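Read the structure below first, then the notes.
When the chains are written out, they are named A, B, C, D and E in that same order, and each has its own residue count from 1.
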Amino acid sequence: GNESGGDQQTENNELQEVDIMLDWYPNAVHSYLYTAQEKGYFEEEGLDVNIMFPTNPTDPLNLAAAGEVDLGITYQPDVITARTEGIPVVSVAAIVRSPLNHVVYKADSDIERPRDLEGRTVGYPGIPVNEPIVETMVEADGGQFDEVDLVDIGFELQSSLVSGRADAVSGAYINHEVPVLEHAGTAVEYFDPVDYGVPPFYELVLVTNEETLEEDEAKINAFWSAAEKGYTYMKDHPEESLDILFENEDQENFPLEQAVEEESLDILMGKMETEEEAFGTQSRESWEETISWLEEMDYISETPDAEEIFVNTAE
Amino acid sequence: MNKRYRPEHQETALEFRDVTYTHKGSQSAIFQHVQAEVKQGEFVSLLGPSGSGKSTFFRLAAGLSHPDQGTVFLHGSVPETRLGRVGYMPQQDLLLPWRTILENGMLPLEINGVPKKEAAHNVSAHLKAFGLDGVENQYPHELSGGMRQRVSFLRAVVGGSDILMLDEPFSALDSITRFMMQEWLLEQWQMAGQTLIFITHDIEEALFLSDRILLFTQPPIEGRFTEITVPLPRPRKENARDHPELLKLKRELINRMRGEGGII
Amino acid sequence: MNRWKSAGTSYAGAALLAAAFFIIWEAGARWYDTPYILPAPSAVLQRLWELADILFLVHLPATLLVIVTGLAVSIVCGVGIAVLMSRSRAVEKSVFPLLITSQTIPIIALAPIFVLWFGYSMWSKVAVTVLITFFPITVGAFDGLRAASKDMEDLLRTMGAGSWQIFRKVQVPMALPSFYSGLKVAVTLSVIGAAIGEWLGADAGLGYFSRRMMTQMDAAGVFAPIVLLSLLGIGLFLGVKAIEYATTKRGGRRS
Amino acid sequence: MNRWKSAGTSYAGAALLAAAFFIIWEAGARWYDTPYILPAPSAVLQRLWELADILFLVHLPATLLVIVTGLAVSIVCGVGIAVLMSRSRAVEKSVFPLLITSQTIPIIALAPIFVLWFGYSMWSKVAVTVLITFFPITVGAFDGLRAASKDMEDLLRTMGAGSWQIFRKVQVPMALPSFYSGLKVAVTLSVIGAAIGEWLGADAGLGYFSRRMMTQMDAAGVFAPIVLLSLLGIGLFLGVKAIEYATTKRGGRRS
Amino acid sequence: MNKRYRPEHQETALEFRDVTYTHKGSQSAIFQHVQAEVKQGEFVSLLGPSGSGKSTFFRLAAGLSHPDQGTVFLHGSVPETRLGRVGYMPQQDLLLPWRTILENGMLPLEINGVPKKEAAHNVSAHLKAFGLDGVENQYPHELSGGMRQRVSFLRAVVGGSDILMLDEPFSALDSITRFMMQEWLLEQWQMAGQTLIFITHDIEEALFLSDRILLFTQPPIEGRFTEITVPLPRPRKENARDHPELLKLKRELINRMRGEGGII
């Protein structure tokens, strides 16, 4: 707010704090946020944004629900599950509009199609939706899901695949783990869930808790408009945005490779907005489709009202 | 040599009048309408087998327990509390291991609010008489058993009460050290003249030391204690141990206690 | 470790306090009314009932297998080392300081790497359980073996006893109470060890299930397997007590 | 807990054994040659050196803060409860059995839910640390306060001492050795507690860093912060020993 | 009444010839060229202050330690091992708490490979004489101190060695029980006639019980022990305690030991 007119100090004091927890460590999918941060868009909206990384894959959803953070980036099916548990989370924007999550396996293994996963260890990062994904894929390919040994391996996706502790992993991203593994010299192949009966759900959505939304709607709107500005800038200056990202990378925890992130951003651009749908918008149809898929899979026992699950912050 | 004045009708230092006492949670009484008195300046031993109530007698006298019935008099009157009025020398020396000899001696004074400096001065004055000069800055574990008992006695004396109760103070010592401590105690007492009440289960010790012995039998004890007056003159020297009167009394006491003790 | 005993006197006050705790928790949870953060005890019990099938038939056996295997390994190795140490001063002098030092090192922090070594098999969890139960078992057995006084051993030697006879007739019976004390500590720790092991990567087990319920924001579901774990811990504890009762003769228990 | 002491006699055999262990490890690691599964000790040290900056400036302080805060909370509450228990039979009879029972319950398995309650703040880790250090501190202090024999207390009462004087002049000095024993156990556990806490949700700290390195298959990087954690544990242990030495008088230490 | 045969030239049961011994790690020797012998059937006491080497003497005799120089003879010859040849009754009774009285008594027999049934029978035969019938199935903690000492003695006797060494067996008992145990021991010995070597620091006890007393002084002890032969006839009854000869010897010994003991 440049029109607020107070001196610098009081203006700083007036900045509203926003805690946002990413779905993962900073990578290309977050560059619009870092761009918004770096370009001062958040500050213009009167926000002091604190970007956090999760220790457990489900923390963004859980902590947003518990009110420990204001916003979390998480997965559409998980939001649906949470709603059926009576947990008051609301999706305020869709960030990636179709699955990045693919089932990845080493190229030199003799896995050729999803049903080959029978009798093998498939690791997943503790995010529950991986179960119906793998189930849908294996069954769609005529296999027996019962025969698949699904193991919660936390964040150890790459290491368990490389060390051979898991034969395949679900929950690995086509824009990240795949190029990283390739880059590190492990040739991998993958199945796209959408090819095997899984609906094209929103891979990443931005969630908050009902209470936060009610009390701080203005803050969340302000956050989103800054984020949109960041996105627009990123679209126009992808190279510079990546540079900004690299300045913010978590070097010791999650070192990034220039080539990988470039490739990643390329893949993402096509998934963050489409011809018909602008960045961040959500459609009732998408939510309903995903809900009915989960229902079919007996993954949820109640049908949440699609109207209550999301609020279109983006217009 | 005998500095002590012993009139026939001394004042009473301690008196149990009609005292009845039952341990909490216990079925049967230890004392029933018990009568006993100890005169000022007397050396009285409580002699009896284990479990006969000697320590209980002491706890009542010192104010650690309270009679169910009857009254305990100190110097002829009933004080508000007997705690702090009777000095106590326990069986184990119970010296505080983190305090030096001097600091251990100062304990009762500190508790009564005497300033440290004055307390230290006060205790130091006694060290020599107790054969403890030179070790005042050592810690208890550096001393022999006999020396520790002397510190314990010093601590009881320094407290200033003129009634001292000693609960089997020498039973942990070996026999030679014990002999020597008995003689030393007698000397100290003959000089200072407090009232001493001495608990023991050693017949010889009781006979050699005391003016009078109160015999404790299996509880309950009713009415008056069986009393034995030791007919030896004061001051007693080491050879008093072999006095024929003592040997006779000893024989009598052994037989009597054996009769009562039953199975070993 | 006599404190285990002294707990057995009068439970009235304790029961009251525990009841008060649960009542306040229930009331607080109802008042706060966000069951995904703080479930009421009644909700936890209800969830336990609903989940009984899967908990009892799938996850409890998985955890139990880990615990029993881990304890077995710890007992075999721990008692073995304790015996070696008690029989040779040289072994004792070299091994015991290392054992002690190892306790000041947070080896449990190494647990995540077990997954690399043993994979997601049972053995990574067994390794954590062994790590956590090994020390009390070894020290309990060793202290016990040492408890047989030099005097007693000398007494038997004057009777012409060889070292095997001394071991069997004095050291072992003398060691049992202390060994069981160590084992009681170990069984309660073993439950924790198995749960921690399951956090690191698993597809079954009560610790895994509890954590999985976390991912689904089902707090009552988080607590339910923990209630079972607690019961398991208490059950193991009582089991050891029963074995102790059966294997130590009456005179051995001092009053 | 005298065993801490007895370790202080002759270290030669122990040092030799430890050296042999490291040499075999180094040789084994070089022979096996898959550093992401089994790094050589030398590789770990090298990695420690490379990462020294970030480990010492960022993660060590974070962990230390958690540990110190956790220990402080445990000491204040633990000693408080121990004093209450030692002063009143009624409190002891109600609280002590619950304390003991709480040890048979794997409360640490509840740790994941702390993240829901406290978020990624320091407090979720402090809570785990408190959970794990509370018991030894409380029991150490309580056992110590009880160690002052009834006889000693009676002796002071016959001198006319009130209960505050007995507490200050007998119970406290008598309790110190046992309290410090409990504290020594607690500080080594606190390191484990902080590390476990950091696994569950953190953005800094040695336990967190170690686990992150797992994600990158950097086994030497997994071990490096654990070496630091160990040194931290040993350092805290020695620190307590130093404080013990300074605060208990020579006579209090029996030989 | 006196069943015992005491010729002037009995056989030697135990002999120390020229024994030198230094504790491992210790600077100075405890024994230097020590000579001592105990005749068959004799009752010999080892009397001396704490730390004077009495237990060390015993350990050498029983084969728990080995002389650096010199030889220990049992019954005139040098056995391969002395372990298992000498019975031992320790200061604390050292009964195994998880074994009944009967089982404790059977211990030395079991160790020597006697079948359980026979061992039980063997021990049972002694129970009555030791005043232990009726308690054979109880556990040690259910017995009084005096009874436990009798079990301990029974166990030493059952072992079958005819040399028994008693290391301060009565020092943990109260004085009345102690008196009774002394008399009881004397009776047992007068009936059975083993060689008894009795360690004590109680002068009266040594005098009342023994034929001969070996005086232990501060180590090192060189050559022959100072010996005292007790001039009382056997059998001794309780009143022997007050025999004027004994009182005289006691006085002498007290003075002598006090002289050597130095500071208490």
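By our rule, contacts are C-beta pairs under 8 Å (C-beta built on N, C-alpha and C of every residue); 3 or more make two chains touch, one makes a residue touch a chain.
None of the values given here were measured: they were computed from a predicted structure.
The minimum number of touch steps separating chain C from chain E is 1. Farthest chain from chain C, judged by C-alpha centroids: B. When chain centres are defined as mean Cα coordinates, A lies farthest from chain E. In this assembly, the C-alpha centroid of chain A lies 40 Å from the C-alpha centroid of chain C.
Rounded to whole angstrom, the centroid-to-centroid distance between chain A and chain E, based on C-alpha atoms, equals 87 Å.
Averaged C-alpha coordinates put the centre of chain C at 19 Å from the centre of chain D. Computed centre separation for the pair chain B/chain E is 35 angstrom, with centres defined by C-alpha atoms.
Multi-chain contact residues of chain A, defined as those touching 2 or more other chains: 56, 62, 66, 156, 159, 163. Along chain E, no residue makes contact with two or more other chains.
Residue numbers of chain D whose C-beta contacts span two or more other chains: 36-37, 112, 116-117, 199, 214. Of all possible chain pairs, those that touch are A-C, A-D, B-D, B-E, C-D, C-E.
Residues of chain A touching chain C in their complex: 56-58, 61-62, 65-66, 81-82, 85-87, 121, 123, 126-128, 149-154, 156, 159-160, 163, 165-166. Those residues of chain D lying in contact with chain C across their complex are 3-4, 6-7, 9-14, 16-18, 36-38, 90, 93-98, 100-101, 103-106, 108-110, 112-113, 116-117, 139, 143, 188, 191-192, 195-196, 199, 207, 210-211, 214, 219, 222-223, 226, 229-230, 233-234, 237. Interface residues of chain B, counted against chain E in their complex, comprise 49-50, 144-147, 174-177, 179-181, 201-204, 238-239, 242, 247, 250-251, 254, 257-258, 261, 263-264.
In the complex of the two chains, the chain C residues touching chain E come out as 149, 151-152, 154-161, 165, 169-170, 173, 248-252, 254-255. Those residues of chain A that touch chain D in the complex are listed here as 52-56, 59, 62-63, 66, 68-69, 155-159, 162-163, 252-255.
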